[in-house]
Structure formats: structure tokens, C-alpha cells
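As written, the chains take the letters A, B and C, and residue 1 is the first residue of each chain.
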């Protein structure tokens, strides 16, 4: 297990390093980047930029100091709002985005797994067919389309839910549904197919031959094995949900990090874009690492492996 | 042990005429009729795909969409970018089949123009993924050994990169345009394809080895071409089919964020973004048409991909 | 001896997209207390379906027991509800599967998998169940049971896993053990050990065993009686001696020729040519006709009547008919 953790950790560090280096190279070398443009008009901004990116140092020092700033959780200044830094924006926006993300994951995982199990247990029946058609639809409708459709119907037409902001649990319903439907559909499809496979395994037959009750067989023998692949795609789903918050927050006017990020894109506030990208990338990469570790604990073949490796 | 049904009419050996007790002629034809006509792999797959109604519906939808993407803008008397303020927010009518948007542009024309963009992005992304994936995965699988494990390490690391974030970053720096979208999508998209190609190459190599050791002689290349290549192509084709909706989604998503196609040009993502304010005022058609087509195009590709997966899976082949 | 199981005219069908598979077509046999019965036949002849039918584990749909009775200690299991069957499974009748690599759940410890049946049926505490489990592990020859109890399946070799599976099957002291190809997935030396284990266990517990295999060699040592299946039917049955020394059905003879023999060096294995018939539309006559070197015209037309050669030895083959015997004699004269 230790070997496995170390290996995943090494992969995480390398991935982090790549993303940090990539942002640095893009910032410093490509045309259109504020670090290469004419000096900005605003002096405070210029001073902030120079201070954060150490523009008067040679490139390699800039690079090292840049890495240091990120390791110490300093994601740089904004050029559009001279008094603000990316850290300020994160402090205000990230908790809200995190709330939206967590609500989404909980809804998506629970409903996706239940839907997938039902479809598998009623394999080839009406429920299965219906559930899977809904799931493909869920995968196919982009979250921003679903969001606008929800507003159009639930808020504008029937007026049963508030269309915008993030001020109460009721306000959370529509954004969460819009964001959770895609991941839910993916989880449902995956759960169904792994569940179907697990149910044909000999150890399930063996459990039945022991005379165990059907629900006990499902919960004790089938579920854990069927859900392991779901754990492995959590990292990817998380990335999808996170980028999804950009548009969902924009559409519903939720003052989260995604909204600031989209604003910074529209205003071409490069340091904010870079800082946020690095922060979110790091967040996702660490999450991916944690998911891998969780998987290791679930799978006794990894957990008990002493030498490491796969 | 007596079986009930077949012995119904025979109660004792006496019921059997004596002249049935003679050796049966061995007829050579019997053996041949046993080997059933072997359909070619593709014909067989096509036959199975045709049985999948949802996948076929998807295919038909995509063919029609493709045709309309080509001729749709020509059919209409309007130009995509033509603004006509007085005609703002007209509901669907004889003149404007899908209505007009906030700037009086014809939604029908813009929808088909958007279809061109979406299909183009989707197909280009799939093709580039295919070529890069085949080269990378092919080299990795074919060389094997150290090269292979190094190349796979690299893939493992790239896999962990949050690709949409990287794409956004690239677009911000390179400036939004169709070309940059396609480049950005391909920079990150080929990894999955490379993995699959490598797996398939290893399979072929393994098979070659087995065949050679069994000295099938000159028939080896033929077997690879006839039996193995089609089988290994299956997962690659499925992957390509499923890449398309992902790319279409990414383009729409990025355009929606303002990083893709720029207004006044039309893409489904741009149209959906433009419609955001309008739907609150009840101009549903500005959103409905791009939303409908983007969703159903992705749906069609997804069900087609699922259908192909079932149809091309050699394991299911009997 | 007391009869513990009596299967009568069992028919099992599967409805699939391609049509109805007649997997088992009128199988009858019985089993006495403390006896080992072997069911032998090529792949696909319906051995597993028969044993799953006894356990009522045929997936329904698509499968169905369409006719026949399965009497276990005088009660017809085909009439039992699934709920009632649960109190039979693992308690009165246990089953062992072919591949020990897949028969154990990789995410649960051996211990958990051993005790769960006992705790379910006997309502024992976990501590009591564990004690019994350790006893069973000793019986099946697992060294260090205490330590092994806490381990996961991947930490066991194939042979050890099969021993665990056997321990699981026996933990509630069943009267009937059905072993579906228990040694096929193991290598030869381990095979012998496991077969020996069956013998020991039978001596100690008096359990009746149905041993399913496609390899007659496996049963040569431990089967009391042998049933030979082909295309969903039993075509010959007899004691071990009768089947090995006086096989009558050409298919049984063919099977015997394909058994690897350790005693004759360099003896060639002679596999039977051809493949079994399609069970979607099985032939109306003897299903072996197409592959039989002594096929007669009658064989295609009518399924053979059963001939009883002794109390225990029965065969379904037209060659037993007097008229066929003349034909055979003529052929022998010619050469």
C-alpha cells in the first residue's frame, strides 16, 4: 500500500509541476500575455504584477519564485481590480462553488447509483430501458442547456422555483439539478454495466448457493465490487463538475469562483485566469490523488500489497 | 432415463421396421452444411447494428443533419450575420421558420450554420485524435519494452491533467477561433485513443507471435488482415464515435463562455449564450433550436457509439 | 441404502432471442446416502444446468424447469418457493463451483465468507461461527487457520482457495454436496489432492456427492456410479466398473479413449470427431448419430429405447437391439 501511495504521489507531483510550468511558459512567452505587453497604464497594477512575477529578474529566477508563490498558496494579483488578488476572489467565491459542487456530487452519486442498480436488477425490462434512455439523454444534454431549460420551465413558465442567486436551499435546487444530471447519468450507466457483470460472477452464484437472502447478496457481495469502478471515475467527474460550475454560476448569477473566473475571461484579466487555473488544476489533481488512495483502501489486492507497484 | 416425447410412438423394438437396421451411408454433404455461411465481419456487425433501433435512429438523424448543415444555409434567403434590428425577436413564421434573435438574425440560417461548426469540430477532433493516437499508441505498443513503459508513464501523467482547464488556458492565450479550439481539443484529446490503439497493437503482436510459432506460414498476413484487423478496429471506431459528442460539447461550452466562435458568427453554444437574456422575456425559440439540436446531435452520436460498441464487440460474435 | 435424491424426467429450457434452448431433455437418476455419483459429458451437454436445477439456481428468466420432479428426501424441490429453497441451500444441499479463482469474493475476507452461511442459517454468534470455521479449515487442510481466517482470497493459491470453497460448502453439514467441475481449473497434482480430500470428507461426514466433470479420468478413483450425459440426455449409466470395463454406448467408448492414461506410456488420446448437435432444435433420433461410427438408419429416426444390462447398468443405444447385433457380427465376419 505504501508503495502504491508513493507512486500515486509521484504522479501527482509531476502532474502539478507540468501544470505550473505550462502556465508559466504561457504567461511569459506567448503574445497577448500582459507580461509581454506594453506597460499597463495603471501604476498599482504594474507594481502588483512586477512584485508577483518578479519581472526584473531573469527567467529562471522568475520561474523558481513563481513555483514558490504557488506552493505557498499565493495565486497572484488582478489587473482589472488593482486592490484585489486571486486569493481574495478565491476566499469569497470558492466556498460557494464548493457548496454547489458538494451538493452536486452527493445528488449525482446517490441518484446515479440507485438508478444504475435498479436498471441492472431489472435487466432488459422496461425500467432498464427507460432508465438507460434517460441516462443517455442526461449525458447528451449540455449542462448549460439544461440550466436554461430549467429556468425557462420551472422559473419563468410555472414560477415554482427562484431563477437566480444562492441565498437559500430552495435557490440551490435548480443549479444542483442542472449540474448533477450529467454525472448522474454517467454513474448510472457505469453502475449498471459493472453491476450486470458482477451479478454473473461465480462468487454471487456461490452466495446464492449458501442460501443468503437476495438483498444481503446485493448489499454485501455485489455492491462493493460494482462500485469500485465508480470510484475510479470520480476524479474525471469532479473535473467535469468543476468546469460546469463556471457556466452554471454564470447562468444562475451565483457569486462563486466560477462567476469570477468567467468574468476574468471576458475582461481578459490574465493573472486571474492563470491563478484560478493553477488553483483549480491543483485542487483537481490532489482530489484525483485522494480518489486513488481511497480506491487502494477499497481493493484488498492493493491495500495488502507490500511491495507497491500496481 | 426414458425420454417422454420422442418415444411416443415406439413402445417396443417390435415397432421398428427391420429394414431400418442397416448402416447409415456417410454422406459427405452433411459435414459441409454444418459449416454455416460465414458473413464477413463488417456485414455481420452491420446486421447487428441494424437491429438496434435507437442506434439506427441516431444514424438517420445524423445523416439528415449533415445534409441540412450543407444545404440549410443555402436554402434560406438570409445570411448568418445579417442583422435587421426592426425584425428583432420575431416568433417562428413562414418568413423566419425558426424565428429571429435579438438582433433580428434568422435563427433557421444560424442553426444550420451552427450545425456545420459542430459537425466540423467534432469530426476534426475525432480525426486528429485518431492520427495522433494511432501514431503514439502504435509506436508504444509496437516497440514495447522501455519505450513502451516510458510512453505509458507520460500518458498516465497527462491523464491526470484537467483537460478542459488546459483548453481554456490555451484559448485565452492563443485567442479564440475555430482553429484554436480544434488545436486545443486535440492537444488534450488523443490520450484515450493512444491507450486503446496500444492495447490493440499488443493484441495483434501477440497473435502474430502465436501464429508464427504455430507456423501457419503464408497465411499469417491474410489472417491478420481478414480477421484480426477488423476486430481491433472495433474499439477504435467506437472511441472515435464517442469523441465526437465530447468535442461538440466542448466547442459549445467554450463558445458559451465566450472563448469559441465569436458573435456575429453562429455556433450552437454562441446562440445559447445569446439567448440567455431573451428567454426570461419569453422568446423561447432563440434558445429552443440550438438547445434541441445540440442535445439531439450528442444524443445521436452517443447512441450510435453504444450501438457500434455492441455490434462490433468480437466477444459477442457467435 | 436410503435414497436421498431422485431426479425424474427433468427438462430445462432457456428462451433466448435465437429461440428456445432445450438444455436438459428428460434426465432421470437417483443418489443414495453416502454415495458418490459422477455426471460426465462434453462441454455444453447440460451438466451444470442439471446441477443448478437441483439447487433451483436456474436464472428465471430466461431459464425454466419445464417438466419433471426433483425429490430430495421425499420432498419435490421443484414445488418449493425461492424462500423455502433458501433454507435448503447451504444447509441440506451445498454446491462447489468450477473456478476457485472466481468463486470467492475478492473484497471480503475468507473468514467472513466462511461464517456468513452459518450465521444466516444457524443464527450462531460470530465467535461461535468462527470456531466452527477454524475447525472446517483444519478439516480441509489449511495450515495456520487463525491467521488465514483474516486474509483475502488473493492471498491464497488456487488449490488452497478450492479447499476454502469446500470448507464453505460443508460448514452447515449438508447431506448432499454438488461439485461442478471442482478440479478442472487446477493443475494435475493439486487435482489429486482435492479428490483425496473429497474421499476423506465423505468418510468423516457421510455426505453424498454429485461430482460433475468432463474428464472420466477424474472420477476413476472416487465415483461409485457414473452417469454419462450427451446433448441434454443421459445416454448411459452404471457402476464405475461397468462404465470403465464394459462401456456399451459408442459415445462412452469414445470418452474413455480420450482419457489420458498414466499407465500406458505414449498412449494416444483420441478425441471424438465433430461437435454436439444444436440444442435449439435437437435431432429426433439419437443425438450422437452424426458423430457415431456405427450409426444405423434407425438412429436418425427414433431415439433408442433403454436397455437394462443389469440392475445398475442402463444404456440408450440401438446397437443393443438383436437386429443390430447381427449387423455387427456380419461386419466382423467381412474383415
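Just so we're on the same page, contacts are C-beta pairs under 8 Å (C-beta built on N, C-alpha and C of every residue); 3 or more make two chains touch, one makes a residue touch a chain.
A quick note: this is a predicted structure, and the numbers were derived from the prediction, not measured.
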item	value
Chain contact topology (line, ring, star, complete or other)	complete
Greatest separation from subunit C - chain, by CA centre	A
Innermost chain, taking as reference the mean of every protein Cα atom displayed	B
Chain centre separation in whole Å, for subunit B relative to subunit A (CA means)	25
Subunit B and subunit C: spacing of chain centres that average the CA atoms, whole Å	46
Intercentroid distance (Cα basis), subunit C paired with subunit A, Å	52
Residues of subunit A that touch subunit C when the two form their complex	201-203, 205-213, 216, 220-221, 224-225, 228, 298-301, 304
Touch list for subunit B against partner subunit C, complex	1-7, 10, 12-13, 16, 18, 20-24, 30, 34
Subunit A-facing residues of subunit C, complex	55, 57, 85-91, 94-95, 97-99, 102-108, 116-117, 120-121, 152, 154-155, 165, 168-169
Residues of subunit C defined as touching subunit B within the complex	9, 25-29, 67, 233-234, 237, 275, 284-285, 289-290, 294-303, 305-306, 314, 316, 318, 321-324, 326-327, 331
Subunit B residues within the subunit A interface of the complex	54, 156-157, 160-166, 168-170, 172-175, 245, 249, 252-253, 256-259, 269, 272, 275-276, 279-280, 282, 284, 287, 291, 294-296, 298-299, 302-303, 306
